[in-house]
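Encoded as C-alpha cells, the structure appears first; notes follow it.
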C-alpha cells in the first residue's frame, strides 16, 4: 500500500452542535482525492486529541498534516500562523473537561509557528474567489491543542513532517437565525483542497512559511 | 405565450463591484424554472429603476414580483418587511447621482409593508439549512427605492399583484480579504427559489404577510 | 409653573438587565437642565407605553418630545428616522407579553417619519467627538412602539408638537465580558443633550427633518 | 529620587489618526498617580520602539512595565496573553516601513507569555463595570513588536522585571461615523489603573499569570 501524501483531520461536533464542518469538509476532500489524501475524524477531547493525531500519523505516514477545526463567528477560511502552549477552555470538551490555563506540554516552548506555506495558500484561495485570511490566534481550546501537539511532534519526533492548521467558518445550516457568517461545506472543502495543492506544489516554500521582506517608502 | 407566474429582478454591479450576486442568483433561478420564473436585470440607477421595473411588469404580467438586491455586510438572506418613502444615498448610483433625503413619491405614504409571506419564507429557508432572517430596513439606496416603487405600483395600478424584496449577502469572491460574511450564489439562488415556492404554495398567506398573535406568560 | 420645553423619556430595564442606560442618561440630562428639560421613566410594556407617554405630554406640555431606548449591539448614538406600524417582539416585555405581527394602531399609516432635525443632530454629536449615526430602523419592540405612538399622537392630537426617538448603546457595565460595544452614560447623556440643543436652536429645521438635495457628478 | 513602581507606555498616533487613546490614557493615569507611575510616549516605529522602551526602563527602573496600544475594532480593554516573534505589517509605521514576516529577534523564541496577573486584572476591571477580556493575539504590528521586545528584555537582561501589554479600543471621537465600538479615555485610563493596582497588590500572582486547574463534570 502506498502512503498518501497528505493527512487531514477534522473534529467531531461539540458544544451542542449537530455537525462539525471541519470533518465534513476534509472527508469531502479525501473522497475527491483518494490517492493523495486521507481524512481522520478526531474527537473534540483535550486528553486524547494529540495521541489520536499521532496514531493517524503513524498509520498513514504522510508528508504533510493539516488539521482543520471550526472557529465560531469567523467569516473566512483562516490558516493559522502560530500555536501556543496553553489550554484555556471556556466550555467543556466532549469528555466534560474544561482545563483552565494548563500548559499543553509542561516545559515545552511557548509557541510554534506552522511550517506550511501560509500566505501562498491564502493567495491561492482568494484567487479562486474564496474568503481567506491569515489568522494570528488559533484560540486556546482543542483546536490550538492539536495544532501545538502537531508542531511539537514535528519538532521532537518527526523532523521531515510539515504541518499546520486551518480554522473554518460555520456551515450555513449552523446559523439558521441569520445572525452570523457562514460558508458552504463545498467551499470550505475547496479551500482546504487548495491548501493541499499549495503544499504539494514543486518548489513550495515549505521550510519557511514566510518570505521576510521590508517594504519601505523612504 | 403563457405568462410566468413570478418576476424576479436583480441589480447591475455598483460601487466598484465587478458582480452583483442579486442578478447572478435570480438569473440562476429563472434558468432552472423557465416556465414559472422570469428574471430581469435592472441598472442600479435611482432615476430609472422603478420605470424599468414597471416595463418588466407590463411585459411579463406576473402574479408575484420579488426584487432582489445586495446588502453589504449582512450574513443572511433577509426578506424585507417595509419600504420607506425616501432616497438618501451614501454613495453615487451608476448614473453618478446621489440623492439626499428626497422623497421617492412626493406626497406618497411614508411606507408600505410587503404583501408576501415573510415569515413563512424565512422558516422555509431555515428548514433548508440556509441562514435567513426578516429585516426591518431595506436602507435608503436604490434597493429601497425599487421596493417602495413596486409597492406603490401595486397600491395604485396593479391591485392584484403581490410584491416584496430580498436583500442577499456578498458572494464569497467579493470579500476575498476574509473580513466580511458571504454566501455562495447557489445558496442565494436556493433561498430565492424557496421564497418563490412559498409565495406560489396553495393557501399561501398572501394578502396578510403576518399572522398577528400575542404570546403571553401571564 | 412654567412648562419645560423638552420632555425626555427613558425605559425601565428589561430582558434580565439590571439597568437601562436610556433612563439613566435622560435623568442626567434633566438634572443638569432643570428649567428646560423633564425626564420620565416609562415601563417597558407594550400595553401601556403609549398611554404613559401621553400622560406625560399632558402633564408637562412640552414643545419637543424625545423618547430614548436601548439598542442591543449598536456602537453609536442613533437618532431614528422612521417608526413603523407593527409590534413584533422576539422577547417578552416587562408584563410578560410578546405580540407577534400586531399593528400598533389598527388602520393607522404604515409609518411616520420623525419631525426632528435628524442630520443636524448627528452632525452636532460628531462635532463633539461622539459616535453618532442616523438609523433607518427602530426595530419592532417597545421602542418602535412608543416612537410610532408619539408620531401618531402628533399627527392626530398634538399638531404643534415635534417628536423623535434616539437608540443608545449599552453602558460598559452591561457588557463586562467585552464581547460587544458600549458607551458611558455620561457620553450618552451628552449626545441626548446635544440633540435637545439642536432642536431648540433658533431657526432649527423643525418641520422638515431632511433637506432634500441631489449631488451629481454628471 | 525614588523610582516609580510602574512604567506605562503609550504610542503616538498612526495610520492617519490624530490621537492615540493609549497615550492619552496612560498619561492620565501617570498624572493621577505621580509617585507610583511614570508614562512614556513611544513613536509607532518598528525600528526604534524596543530601544525606546529599554531607554525608559533604564531611566525609570520600574518593577512593572505595562505597554498599551490601540486595537482597531475591539469593544473592550484586552490585556494580552502572548507576544509572538514576527513583524508582519499591513500598513506602514510612522517611519514609512512595512516589514513582512520578519522575526523581531532572529533566533529568539517563537513567543513569550506575559508574567502579569492577566485574569485577576480582567476580573477587577469587570467588577468596576468596564468591558474587559483576555486576548490571545496582540497582532503583528508595532504593538506586538514592543510586547515581544519587553518580554525578551525581561528574559535576557532584567530578570526581576514583570511585564505585559494591554490593547484598548478607539476613543469615541475616532469613530464619529458610528460604525465601530469605542470607549472613553477616562474609562480606558480607569482600566489601566486597575491593572496597575492588581499588579501591585500584596500577594499578587506575579510569577505565574495563570492558575492552572481543570474543571470537570465527570
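Residue numbering begins at 1 within each chain, and the chains themselves are lettered A, B, C and D in the order written.
The rule is short, and it goes like this: a residue touches a chain if its C-beta (ideal position, glycine included) is under 8 Å from a C-beta of that chain, and two chains touch if they have at least 3 such contacts.
To keep track of the chains, here are their UniProt names: A, B, C, D = Pyrrolidone-carboxylate peptidase.
Just so it is clear, the model here is predicted, and its values are computed rather than measured.
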item	value
Copies chain A and chain B touch via same or different residues, half shared test	same
Chain at maximum distance from chain A, centres defined as averaged CA atoms	C
Chain centre separation in whole Å, for chain B relative to chain A (CA means)	38
Intercentroid distance (Cα basis), chain D paired with chain B, Å	47
Numbers and ranges of chain B residues touching at least 2 other chains	none
Listing of all chain pairs that touch each other, if any do	A-B, A-D, B-C, C-D
Interface residues, chain A side, partner chain B - complex	74-78, 126, 129-133, 171-173, 175-184, 186-187
For the chain A and chain D complex, residues of the former touching the latter	81-82, 84, 86, 88, 92, 95-103, 109-113, 119, 136-137, 139-140, 209-218
